[in-house]
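Submitted below is the structure of interest, expressed as structure tokens.
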């Protein structure tokens, strides 16, 4: 039968697509590890992770300052961006009048599309001088990078969590309100838990953007190899390091392996972060 | 009353947060336009949009090749990435056995976090030589950029659409199946329409990444100023142009205004694309 | 001044060199052409003063100038002099550099004339067979505008002509080198220090080498500069003096660059 | 007897469609009033007006008055939350929250600030007992409320509302998915509750209305066409349509 | 009379909890069988077994046989889609699709390949008429199915199932939210349908079962404890529990 054939074809196309894509994606991970593990071998795992000196001339690659820089930047930005974004999303879905939502939502979608270089650009010509003037030189700093990331990730997190929040069935809301809960209690006890998995996805996406952002950070963080002691110190992240050096790295060199090594560490970050989120979300379901 | 106070405080904090954030975001858009409009003035709108010559030395900035490059790259990648991603998401939510989903989902979340430079790196050391060998030089090409973008955007779109698809109430699925619909008809006629708004958000996010990606594209597209005639021709996008030149641009110069002008065009792209998606989604609801 | 922030010195005027020690960090950023030699300078200088650390990041000549002006680095490296608009900075030549025209090692071409190179870059010649090579489309590798290497190449080779729009633009010497290394159809120009793994072509029958650059027979030569703020710190000053000293210039020669003419 | 709740010329529009037309009804303290009428006549809509659940639905317009005690329910200064703790509601379609049976019932008291485990345990057991579902679920209190059968969900939702001890309980067909025995138990609970509370119940079951209610109102196409003591309505309705409906000849 | 559908030792577990215990029942062609039993005894679960709707629920385990005609419903080679077009179902909780009334009813025929506007129009009207809701919605066919009242939704779902003309119709309390008049109309439709189709109905309404059904089965705690002709069961049940239930003394 014709209908049957279409069904079968669709099934196999879908299966095929999914399978091939997953294969490619596994390939990518393999590729990264394949190149990056050499960095651990060539430098020694300990030296690579805890060495403080990254020098092409010495052929020594210690990524500690980068790792610390990345952690500061990511954690710092997400600690602000996640709650703020969720607040905005809650505001838009549950409090703002309909017409406001109709205006704000397209703005958010627009902001999602602003290229990160543009954020970097703004950071460079506006934020960095501002910081330099008011908080002291050099302006290029952790603070600038974190601020840029916050601005970059908010639209993404808002957009995704707003969708999830809106998908929470009205009947849950009704149930809670009818039992005498205030709007806020309903949001807190019913809507947010029901939207939890989507919100966590949103935050994961946001963190992904934050951890993975390279160019915008590169433009404002100063890229010094020192471990920053305060928010206005310059710093360097794993990604900005890759961006800064990738063009000079020769294929097959210890240098490029070290850069891939940075990639692996980034992946581990993402992995650890995702696992934490996942655990948190499981926990919530019980409570 | 204490409870009342908390309520009130929360309300104002939330309102405040949302308001301040929106203000900042409006500020960003203003900033971009403020700087970018000068580009239209200084070069003449027509010359800026349709000029084919971009030269610092001549102080002439015509963005046509960049615009065309950006369109090709974005449209090309999204035409592949969107359907494939949706296929994968559908597969994961509706067809794959539970245990497979439990494995694949974390992988996808991990891939979401892979920094775009890493994708660029892989493109540069793996994809570009491959294309050069099999399809002819220079390898740096539209095709390479599109492929890299496809790989980059798929995880994002899958992740978000999967969440939305899972949020479709089971009772709709039951209703459709009980009326004699096959799995595929149910997916097509009930699940996808019900998840439409979320899927569109997912695609918007993906397109946002695609339009806005700079570094990864820069590394593989070749960055020539010519208008590409085939998929294996090198090209240059608005973003890769910003990345390539931002470091050389002096504040207040015609050059940096031209770069911001590129930013405006990018924003317009995003805006047009979002509007189309939005219209499409409205249409679907009626049918 | 930029040096005061990051590098401290306990040197007093008039003391002899032996007794002075420098400590802290000197940060450098800028041209990728200068990178190899800057690193060697740094290593040698750090050997002399173990408490001192010198870091270097790439990014291009303009980035070097900009960052130095902003005070994020102590020394900006550039393969061009500071422009008039970039005030308050001084440029100190520390080495010279030849710009080599390179092709893939498998390319049978044995040499080109400057006119041929010009025509290739302006897009007048598009096939290797027109200059005696295989029947193969030429892929032109160039640099982004603002690059010091490109400034030099444009002014000496292209003169007032503009580069063909189909030319690829790269952000660094390394990128051009990697590209040419793998691309049999490519032609590019890089700083002399980047010619491993690729073939540097003789121009007008003159081999591209330190010697030919030194004696002026090879046409594309330029100076490399360290840029500092007008009053550099003592440590930076000492470093700059070291670079320009005979010892320093020996490092230049040993590493594939052209020493300054004294 | 004292009127605790009444509506005066209450009209409601869904978009352009008028669902309630000038409904004026009053409800006596400590009584059970049954609201009857054919499907789609506006019973649920009317009930939802009293605890402002219609606020949630977009494109709705309400005119007229609804008064609880001295409070105008739709006045600007009225806090809907307070209204809802006083006027509880059991929805027509059971809507347990996606959490355990225990947490469903404990939700209301917890929201109101009750934290003591022992007190909560007591409230939960008492409420589930009154809703005639305790025996079925007492061993599975941790099970999700969503995994219950239709009738069990309905009783769970009733229990949940009883747990907040509202002054007035609005019940929208609380026994529609229940067997006669469970129904009888719920009716018994209603009689007990009546000692203290006021109950308004929507029902399609003539016998139930006759058995359990003191007053009956009859709605038709959004209008209240008859109201009176249950006995008299069932014996000799004033209105022809009511008569037809009761004797099964309507429509 | 011919048996068209039967189950043999059908057992079902939700996780570890057994909801059906060796239920063996057979259903005669062109008859109406009522399934009764207290809330939570497994009626819905049992009904859902026949068109494999339980497939969707995770952690479910089924043992025993369910046979339709010559087809083993749970055999590997059986296509559940085919089963579902033959065995239609009206769910306990009305679940209209989020689209217009018209599209809800036309969904089944369209899925089956019917594209002709005129034919669809006819099917929609006929089905809505049979479900006794045509008069209420005929002017609003474009309105969303979700904006209907509870009872209207229930009838819409019934209409939707009638539109695919299944051989067997499983109805899970199709009249629970309906007034007596609408109920009577639905029962009349059932009698008409019986001429051609087989109907299995879950109901809590004793009178309805007595009035409308030919056979009655009685479930208790997942077990079928009595089955027979409706008349004889209602007059003298063999089983004590059935007796108690019917006379309202159970529990």
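Letters A, B, C, D and E mark the chains as written, and numbering starts fresh at 1 in each.
Methods note: a residue touches a chain if its C-beta (ideal position, glycine included) is under 8 Å from a C-beta of that chain, and two chains touch if they have at least 3 such contacts.
Since we're looking at a predicted model, the values are computed, not measured.
Fewest steps needed to get from chain B to chain D, stepping only to touching chains, is 2. Path length between chain C and chain D in the touching-chain graph (shortest route): 2.
With centres computed as the average of Cα coordinates, no chain lies farther from chain D than C. Taking B-C and B-E together, the chain pair joined by more C-beta contacts is B-C.
Computed from the mean C-alpha positions, the centre of chain A lies at a distance of 36 Å from the centre of chain C. A straight line joining the Cα centres of chain A and chain B is 15 Å long. Centre-to-centre separation of chain A and chain D, using mean CA positions: 48 Å. One finds 83 Å separating the Cα centroids of chain C and chain E.
Among all residues of chain A, those that touch two or more other chains are 182, 251.
In chain E, the residues touching two or more other chains are 93. Chain C has residues 59, 170-171, 178 in contact with two or more other chains.
Every pair of chains meeting the touch criterion is listed here: A-B, A-C, A-D, B-C, B-E, D-E. By the touch criterion stated above, chain A contacts chain B in their complex at residues 7, 10-11, 13-15, 17-18, 21-22, 24-26, 28-29, 31-32, 84, 87-88, 90-92, 95-96, 104, 106-122, 124-126, 151, 154-156, 159-160, 163-164, 166-167, 169, 182, 184, 197-198, 201, 204-205, 207-208, 211-215, 219, 238-239, 242-243, 246, 251, 256, 259-260, 263, 266-267, 269-271, 273-274, 278. Taken in their complex, chain B has these residues touching chain C: 52-53, 55-58, 65, 124, 129, 132, 136-140, 218, 222-226, 234, 236, 244-245, 247-248, 250. Residues of chain D touching chain A in their complex: 51, 53, 56, 58, 80-81, 84-85, 88-89, 91, 93, 95-98, 107-108, 111-112, 157, 160-161, 164, 166. Residue ranges on chain B touching chain E, taken from their complex, read 98, 170-182, 185, 189-190, 193-194.
Residues 59-60, 62-63, 66, 85, 136-137, 139, 144-147, 154, 162, 164-171, 178-179, 182-186 of chain C touch chain B in their complex.
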